[in-house]
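Note that the chains are named A, B, C, D and E in the order they appear, and that numbering of residues resets to 1 at the start of each chain.
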């Protein structure tokens, strides 16, 4: 089918993009002024130790040679060592990426669920007080930076309504489930550890919600406008005229084509969540990769910087491909249309 | 008379994932100055592809396009500007052929500016002149296309094509999106201008009644081929190709006199086959009422049944 | 559901390294102090008392120290702590060359284990405060460490010297042992049942060192009683506000921390002593001490008043615009101030520094000096000060002593060997000063040493390489209602607290009463 | 005369726009009897689709606004029906085939999914067929419109079909369950003559089999002449002439009808007409009286003052023009 | 609204205003934006303590709650929060405007080129570069740029620009790829118009309304991003006021000294809200739907 060709092409482009990204990132990481070795070992470390590390990192070679070394080690499955955590970067990634993935996943769910729900509500009752209320909230939601939302939630739920925990991924007294995927909610379900599941879920609520809020209303707005636009289309009138009940018309014939743009935007939002989660992760002491990324950046932790950006880039690219697939699934026009000549 | 446009064995293939689409397959015709050649055919038969290839919007896959004797089988990117002046096109959809963000004045200024005809005379006057040619009021210069009716938009498109003072205009279904009254107005104007300027028209349509009234010669296309071509009168009086007959018999008419002209009802059956999987032999044979054994074996060749009247059908070919 | 558990939770700026060869900053120092034991133990008054070492002898020339070890001390894995482990710990520290190794590197010649319970340190040169510096030698379990060596060629056949393993595990004998070390998140440690010293029944069963300093986060945690002791670099307003919360108190511990504005003495215009003095006279010290850091007081010279060896008689600059203008007039830059704007960098992680920075900016503007205030993250500051070219004209930085004596401060702050570190962005490179410092520190006799320290302090005040702003107490918000915290109580009574970084958070000095906590939560 | 299925009386519809209203439908009167094949002709934009959308209850409101009038379907006023009754009417009574088959098919559902829903939601009301499964009915509906390989088509998306096939699918959707009235809004305008011919033939055949009345909308007079037996001519939101097809084409009375006929190019040749001068009026400010008077070659003073009523010229012929006023008296 | 009822004449500008004001929220947006622009321009005259926007500290008056003297209270430095909020509009607006001025021409031109030359190496090259920049997490990219350069407003704007242009390229690319097949574009080409004419006179004007709408919406986003950046210390340097850092810094003193962060926070919301409402209004204005 045409679709598989589309997919191979997407993947081909992605590889090209990732190679380009690695070069850009490499240059960025090396361009950052200062001596990473010194930064890693601290001002008091002996010159000997610093020199040793510089040597190990090939810091005295030219950029091209450094890049070659890096590529070579990547192909050996070695992303280098973090100067911040002082262990192989790959282990840091394994540790921090799932935390952010889990956070983003739940934010994504919030965005999708509430966004679409509010959008439908708004469109169904367009130009009534319900619509106006939702729209005003949407504007406020969109206009509020995630970190402000985070701080407000932190204070409200931390100080006044202590329903949700405010830091970390699990409570101190809850045993973590065996690590399988690294997503605590998933792992706890897999191992049948319900206490951990609900505890992790509670921990996710506030950070996931703060991250989701802006996007959520964005989705609501897009859903609303695309539903309103599509409701003028002939096929909606046609469905009505065939005697299909109103509910089915709205929730099937109008809904499916209308969420296609929502899904595309949702995908982009979701993909950028990963990199933007920094402030939220910081405030909720969430051991995620976005916070790690900023920390290693501040530390000039070269290998870690490159690895983090690459990993986030790969995730971003993958999510975009997945979104394309979902959109193609929803929209046969994308799947089936010939792109001739 | 010398042909202004001569198309010889023109081919245009598109490669798609489903296979090669032979949209135009060995099409030949010519047009003399002041002549209207009607190109008629069902949807997907390749009419527009012929037009676009002639215009250079597609690079031909084979054959020749001779414009005033000179081969111009090139993409328009490679054509000289002087040539572009001579060849113009009017598209089917008046809505999308005018830039919605430009005023009529701007739209009409472009050809004048590009082709520098009596530039000194003042562009605004020139634009007015052209507008009056298609009988649109001067106030329209400031309007945007969206505030014009469909017919008026098409008039502007025609005016733009005329502005370069071309010698041949390709008209790709210029009226099929419009209703009869507006169609009549536009056609009337086109004929008037043609006579005035001795223009050649390649007129594409699927409206045979219209062709009857304006074309000097008519060519029928089916699946990328011209199956019959003849002077208009002859064409309607004595159609030879079974497809032509089926076509003429399907025309809805408004009077009993017309009804009499139609050959006995030949009910249309079947779908037009996909241009990727063309039937073997004669491409029309699956729908043909006069089908013979040879028809799915061998592709018929052109046969000049009367002077200037060519048919591509085994029924009439001398081999039979 | 939570905790009738006796637990102490602390927040701190991370990263936190629990490998004694790497640990050096605050969070790390707190952690290793509780996970490991040292030969001697620092006390509130700046002295040291026997700990792992029951007794010791010092040779006449001050170059040989022989320690007699306590027997029966167990590591967390149950094996006994022996002299060999002490030797191993020092060797490893010096070989790796990070953490506190810089204290020992210039002085240690060799360490020998004479028998299981006797260990000898040979020094290259005399080093007055050696005994005090030994609080930074944490004793590792040699066998356990060696068993976890990962082979790479970093240290020859010693591989990585156990660095990877010690990143998230401990090999100590201290009162607490690592239960879980989540990098970048928290360290969770529990009581070591076989510790050689008795535990108070209300001593914490566990402690958790949490890596966050976000004010809003810390605020909610402490208010929810999910945090017992906060970090100490929160803005003054934070302490004001939490102090109003029922059961929360703020402890002000003078640990020797001093706020300086370091001035680049090799860069215009701060290379001119009159310019520096003009600035020193322009600052409103009282405003800093009273409004920005309530509870602190203006420094008297470069050494904190709590440190043994502090000279209480040195000159103190006061805000005096007349004098400031006089000094400025003597400076070659007096009439071209516009050409020499001054950058003042403050550390993004310490929000209150901004208040000081803006005050200095406003004060300097009074005498016509333009100061640009720049906020930089800590890591960036460390970077910049590495070379004189990249070092900015002024930095606003808190400095603490490494061991409890004036010499530590003087050396780490002004000796040439420390230039290029964040502790000295002045780039003094003053040979005379260097020899004065070395001479003082090498002096074994305490009184003579302190005498020399006093001279150096006078010399420095006159040279004015830094603005000596305030002696700042470390402010901790803590759960007074259910936590007894010895240093806090001492501070409240106006007594001295432990000047060695990390030791005020020594868990055995803390008692928790979870039932009182539960009452509060309800 | 047989019983009226649909009877539209004085229907007036406006569209709200900036600064006022587009007064599109102006007292439309229109009726269809059982088994009849009624044609509705008129230039683009004269309100044919709007009338039928109002009948189906799918006029977008706003901007649309029904100012006055009544629409009786089997004697019940559609405009005052309850929602469920309207739904019921659509399921069993009237169906509509939309002008543009591409726009009328939901691009993101397969033909099967769309057809199933239509079949399912009229199941209960349709005893004859309810024994068959939805799938079987769907297949049969596609067979009814002579689509080859209906099973495959059920799994196709609209965009995988050709224009002619889409048009047939639309018909299948409309007649999947038998109805009493089928509104066909320009079926085949976007198609070729041969295919259009096929479609119309099919439609007629099905109507005959199922005893449906048909309203055939077109601005192509040829199509109307060939496929209907009763014609309404509409101009600018009003019915200007009504007659049997034969009568109308042999004796068009209204100047508008006559002008329209003149515009049609003839197969007999004879050159081209010049078209009706002017264009459809601006509905924002439509001409008073007879809306055609500004373009009418035979207009006189009265024409601009008062809207002419439909005058009955003979048994089968009515015309809204003052020229025929006397004939009525 | 009232205006259009009183004046039913169908003038061009009247119609535009009708379309725009049909949604009263758009008018609110316009009013907010105008308010912000004017108060930023007139800051020295409309604020009670202009000196507080610069090198000024007064710790004796720190943390005063809102009162008649200090409408929004004072911050931890004793500066009037109202004054600083109004002054901070300046850097926010500058940030938004400058970033868009850099980003739009670059992004749009690249998008046009790539879209017009679809499926050639120009397209592939431009779009892959775009993808590369899209896949770098923006905050990290910004941090990288400002650590190479200096953390001031100019460089923050540069950093935001670097991460922002690809969105315009993508947007315009999508439109250009479909517009280039429009008959009016082909007509121009067949008349012999230059590539430049085709790109900028035929295709671009048809993207303008979408671009303009996105720009107004983006004004808000850029300001938000700017606020997030100042959370990590990038952007306008102290003592100049920036809304983001006012909120970020003030958040430390929540909830007791709420006014320090809440008012600037509301100000951010107000600006973003204003531009968003305005953007929606503009997109209504350009909507092809007849009214």
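Operating definition for what follows: contacts are C-beta pairs under 8 Å (C-beta built on N, C-alpha and C of every residue); 3 or more make two chains touch, one makes a residue touch a chain.
Heads up on the chains, UniProt names are A = Putative D,D-dipeptide transport system permease protein DdpB; B = Oligopeptide transport ATP-binding protein OppF; D = Oligopeptide transport ATP-binding protein OppD; E = Putative D,D-dipeptide transport system permease protein DdpC.
Worth saying up front: this structure is predicted, and the values here are computed from it rather than measured.
**Student:** Could you tell me which chains are in contact with subunit C and with subunit E alike?
**Tutor:** Joint contacts, listed by label: A.
**Student:** Between chain pairs D-E and B-D, which one is joined by a greater number of C-beta pairs in contact?
**Tutor:** Greater number of contacting C-beta pairs: B-D.
**Student:** Please identify which chain has its centre, taken as the mean of its CA atoms, farthest from the centre of subunit D.
**Tutor:** C
**Student:** Where the centres are mean C-alpha positions, what is the separation of subunit C from subunit D, in Å?
**Tutor:** Whole-Å distance between the two chain centres: 90.
**Student:** So the centre of each chain is just the mean of its C-alpha atoms; given that, what is the distance between subunit A and subunit C in Å?
**Tutor:** 39
**Student:** CA centre of subunit A versus CA centre of subunit B: separation in Å?
**Tutor:** Subunit A and subunit B have C-alpha centres separated by 54 Å.
**Student:** Check each residue of subunit C and list the ones that touch at least two other chains.
**Tutor:** Within subunit C, the residues that touch at least two other chains are 216, 219, 377, 380.
**Student:** For subunit B, give me the residues that contact two or more of the other chains.
**Tutor:** None at all.
**Student:** Which positions of subunit A touch subunit D when the two form their complex?
**Tutor:** By the definition above, subunit A touches subunit D via 232-235, 237-246, 248, 252-253, 256-257, 260, 330-333, 336-337.
**Student:** What part of subunit A is in contact with subunit C in the complex they form?
**Tutor:** Its residues touching subunit C are 33-35, 38-39, 41-46, 48-49, 52, 56, 84-87, 92, 95-96, 151, 154-155, 158-159, 162, 166-168, 171-173, 282-285, 287, 291-292, 295, 298-300.
**Student:** Using the touch definition up top, name the residues of subunit C that touch subunit E in the complex.
**Tutor:** That would be residues 215-216, 219, 234-238, 240-241, 287, 290-292, 348, 351, 354-355, 357-359, 361-362, 365, 372-377, 380 of subunit C.
**Student:** With touch defined as at the start, can you tell me which subunit E residues reach subunit D in the complex?
**Tutor:** 4, 8-10, 14-15, 18-19, 290-291
**Student:** Going by the contact rule set out above, which residues of subunit E touch subunit C in the complex?
**Tutor:** Of all residues in subunit E, those touching subunit C are 55-57, 59-60, 62-63, 76-77, 147, 151, 233, 237-239, 249, 251-254, 256-257.
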